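Below are structures written as structure tokens.
Two complexes come next, and they have one chain in common, subunit A, joined by subunit B in the first and subunit C in the second.
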Partner chain A sequence: MKDESILNVSGLKVRFRNREKRGFLTGAAEKWKVVLDDISFSVNEGETLGIVGETGSGKSTLARTLVGIYRPVSGEVILNGKRIDYGKKVDLVYLRNNIGIVFQDPIGSLNPRLTVREIVREGIPFNRKISRKEQDNSISEITDLVGLSSSKLDEFPETISGGEKQRVSLARALVNRKKILLLDEPTSSLDVSIQAQILNLLRKLREELSVNYIFITHDFNVIKYMCDRIAVLYYGQFLEVSSVQDLYENPFHPYSAELMNANLTLETSNKFESQYEIGEPSREGCIYVNSCPKRFSKCSLPPPSIPLGNRVVKCWLYSSDDAKN
Partner chain B sequence: MVNYPKLMVSEKGLNNSLLSVNGLSVDFETIYRKIEVLKEVSLTIVKGEVVAVVGESGSGKSTLAQAIVGVLDSPPAFITRGEIHFNGERIFPKDGKVVDYRGKGINMVFQEPLASLNPVYTARKQLEESAEIAGIPSKNKVRERVIKSTLSELMIRDVERVMNSYPHQLSGGMRQRVAIAMAIIQRPKLVILDEPTTGLDLIVQRKVMSLLLNLRKDNDSSFLLITHDLAVAANTADRIYVMYAGRIAESGPKRDVIRDPMHPYTQMLKNSIPTGYSDSGPLNVTEGSPPDMAHLPSGCPFNPRCPRAFDKCREKVPPLIDVGDGRKVECWLYER
Partner chain C sequence: MTNSTHINDVRKIIASGGSMTRFRSFLKQLMRNWKGRTGALILLSLVLLAIFGYLFAPYNPVSSNAPSFQPPTHSHLLGTDYIGEDIFSWFLVGAGTSLLVGASIAVIAITIGVAVGVIAGYFGGYIDNGLMRVVDVLLVIPGFPLLVILSAFLPPTLETTIIVLGILSWPFISRVIRSQTLTLRRRPYIMASELSGLSGLRIIVRDIIPNLIPLIFINAIFLAIGGVVAQAGLAFFGLGDLRSVNWGTMLYWFQAEDGIVYNAWWWLIPPGIGIILLGVGANFLSNAVYEITQPARGSK
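On to the complex of A and B.
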């Protein structure tokens, strides 16, 4: 483990109770559904980590686990050298004070009964004794920084625009300075020109407040623009973790390659040649085996995470003992 | 996809045009005031062409689609001016005889498949209904065969399971494919797609779009694609219309509009899409948001956000200026 890493997650596993009805004659369904399995990564000082994945891959679950909304069944979360025990309230408070979160849906995450000022005030922890005046000062400081005009402070969320709502969410997350800010699809519900404004703002905040982002999105152009390292999530497993540039220029895992191929930019044109179908994840062996065009006999066993230089790939293709047929 | 230069030339004569919308204006009437959400919008689609309408939320692109299909909610929306011609017939304003084009000529796929599919009927039932309208006979399982072949055209492998499922049992991509199957089973001449892939994953999005574009090759259908994503338009369309505040800001062949956007708004849209790595500079956009349609600024609606605005822009609304090569721009910068 490097000294400079702020957040270190290893072997994180989260499961949900399976709500599917049990069959009448077929017997009991599986009791647990594993949503995140063997998730390991670290966030270093001054580095932005991007997490990409499709719907249902567990991106949001990971974000929610990291702020303590869900409790992992196994695995370790080490924040600033302190091991987080999810059973202890003190540790959860420590987690919340150091990791902020901005949700995708700006409407759903803002209380419609509160004014913008009160919403931002929610971000100031109760356990810290701060006078009302100091609170107001830090509120106006942060709202200034995120580019909200002071006239908006006394308005209700329904009267401000989508971009402004996302700015309010940012202000609420950062009013109490955080080491790490989790951005769960912060721009995907915004128009492109507003998205660009928010991206510019996020970069400015990163420099001024020296906050580290974990950026969760399905938009590759945004990841490329914002992040230094990228983790590809597929049904609860990190298939590839590498630097952004490496992944763009040479994706190792077949799934990352497929994702890169599906990415649309203005330069690509008519990039819609039909590729192979992405099927359901496999329950046995490699999770991607059902869809993988490069599968071979060994893929019926679960692959280990193979470190290759500064990237980690979960694929038998890159295992060193060349048992490949 | 292949570009059709021949068709582009014939566009001037409008002889080959499948759909032409001329000076269409739509008002929303509320108790307090009238809001003009579409202003003198003109649009042409040639047979076999894919046309994309790009715009941000509130630019009136969905209203345009609804007006063409004839499903505007009125009240509050009323078409106040303009004509719509489809396949050589005037479909708006209707003169006496009712032209029945829906289902046979123009079909629409909506953004949210959960909202456009009926939750209490299986996919089979809804597809059958659509086939019945198209006049496909139910005798000798003809209808069933047509439905199955349409679904397999859309790369659905387990056709039987999908047909017997209710919408909530299907994944997002599957649902959208069922909605598309309902639209194309009638072999319409024009398919209007209102944000067909928004909310779908990247890989599913590419799948759905590639299937649609294949259909165009096979059936010689035309498509009107409504999207907020310039990248999607760049990868699918032959021609692009850019809308802002209920007006067509710029129109032209895709290649030219994407490579060399003329209207400052199109330039901003292009600059908004990040391209570089994390060490690249900030994105070149101005602050501000799309205008409130009820309180438009005087002059060009884009002038408060426009980096190149000058006095004239604040006073008068620019006309649609034909700059040649099939391109039109609504901007004073190109006045001659």
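On to the complex of A and C.
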């Protein structure tokens, strides 16, 4: 199985400098804030991985780390069998040539001062010497593929619609063919009918360009429609990674269960009342312990990632040495 | 309805920058805004006065050829000063010097201010901290007293005034530009440019500065006006090159040679009105540019 994985991430940790002001007498605040901790997953050929999580759980940070905007402090990223060293420029270029990204906000991600053509041209790596004519050819090819009419090429982002803007973002990400495309909530700011168009387009592109997606979203319908596997992110940690079907039918982690429950009750009754109290993420032990209905004594220790068949769960409930205690 | 369509046109034009036709149609939009029309008219006539005014000066402004303190007459449209120099000629020739001083100050301050602001805002970290502490120091120093002291020690030429004023006005600009750069810096399209491998300088030139142009334009106009006023203020206190013919030195000689005792209003009013008009014109024009580039605020 490891042979066919294109991207293999293990133990990824990202932290930001803590900008909170220190209290005068309350002592120093922690210097670092860990945003992603012990993130491990792999993306196999022809597979779409979904990443779900609440706002602020680190979804976008993960995406930005994978294209080298942020640097991890520890962990390993292996792309096509090549270990990426974030300190090396060559490796970053390699990373960016193989992993593209589509940002969430279609307005902010397009420079208002450039025409659509110039925006798409940005996707062609600057250091690659390609004649202007070849560039123009690949630009018209990709814009054709994403369904932008050629008359839009000389327009400015302001004059095209939201759906078209997202198509431009896609074209920019794919004009230089990528192995993996990170989609950071690409449909969340579009209305439903446009969402459907974009999702269908993404499915079409997946087949025609044989690109693999990492789909970041908090919309379960999108997950169901697009993804094969799903990773549940909670405050910087993957609590469960499993196939979409498994997660829907039988979520293992209490948090995944809560998410699924919320989703299902919304689908059936249009109303959702959580039976769990919602607590802050815990700083010690299991990160979900403050909200978990199934917590027990062991949860004060950080749980290991436990592989169970083709899924991975980070919860003491499934620990095999449970019997000892 | 028509209003909103042409506002869109303008945003497109401003957004694109560059070619002549776009610039021309930007001017067209500016002319449709009454503030833009008024401001441009006032500033344009003052600029024309500055460039060509001296051709119409009836006398050499620095030669006395009439009785002193003569009120306006046919031969001396704005009367004469304390040694019988023609004030109308002083006003026309002085306009050129004053506006040149203002423009030079604006160019110096904008160049340094934009460079420092963009570099600090884009690169951040130690560079930002270092540059901004320098700016803080310069901003804390009270400007006018420092100007007075510097002008007193440096050789009293017009160039000195220009350089001193230019160097003292950039810190404020760099602050404004830095904060705007910081917000642009967070836009995903800048990230997209970084991902395509563009270097920091290229991103600054290609993605950041073009988005700052309306802000730079408004600040440049105000700097130029501020320059004219500051230079006049210095001259009024007898600092700088007092032999130079400009509106500031007109005010200086008025107070130094007891214009007020002789009730010589014709000597005081022309440079005063010239400076006021500059300020009014600049305000109108910058308001219009602001309304056009920020259509959400709307314009009437």
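Assume the second predicted complex is superposed on the first by the 313 of 325 C-alpha atoms of A that agree within 3 Å, B and C clash if a C-alpha of one lies under 4 Å from a C-alpha of the other, contacts with A are read in each partner's own complex, and residues count from 1 in each chain.
Going forward, contacts are C-beta pairs under 8 Å (C-beta built on N, C-alpha and C of every residue); 3 or more make two chains touch, one makes a residue touch a chain.
Computed from a predicted structure; not experimentally measured.
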item: Which superposed partner A:Val222 touches (first subunit B, second subunit C, both, neither); value: first
item: First (subunit B), second (subunit C), both or neither touched by A:Gly46; value: neither
item: Contacts of A:Asp191 with subunit B and subunit C, given as first, second, both or neither; value: first
item: Which superposed partner A:Val244 touches (first subunit B, second subunit C, both, neither); value: first
item: Which of subunit B and subunit C A:Pro304 touches, first, second, both or neither; value: neither
item: First, second, both or neither for A:Phe156, with subunit B first and subunit C second; value: second
item: Contacts of A:Gly11 with subunit B and subunit C, given as first, second, both or neither; value: neither
item: Dominant toucher of subunit A (residue count), subunit B or subunit C; value: B
item: Which superposed partner A:Ile69 touches (first subunit B, second subunit C, both, neither); value: second
item: Contacts of A:Asn263 with subunit B and subunit C, given as first, second, both or neither; value: first
item: Subunit B and subunit C contact sites that coincide on subunit A, given as residue numbers; value: none
item: Residues on subunit A engaged by subunit C in the complex (per definition of touch); value: 64, 67-69, 93, 96, 101, 103-105, 108-113, 115, 119, 122-127, 156, 158-159, 172
item: In the complex with subunit A, residue positions of subunit B that touch it; value: 1, 56-57, 155, 157, 172, 201-207, 209-211, 213-214, 228-232, 234-236, 258, 268-278, 280, 282-283, 285, 287, 289-290
item: Sites on subunit C touched by subunit A in the complex; value: 8, 11-12, 15-17, 187-189, 191-198, 202, 207, 210-211
item: Residues of subunit A that touch subunit B when the two form their complex; value: 48, 54-55, 147, 161-164, 191-197, 199-200, 203-204, 218, 220-222, 224-228, 244-245, 248, 258-259, 261-275, 277-278
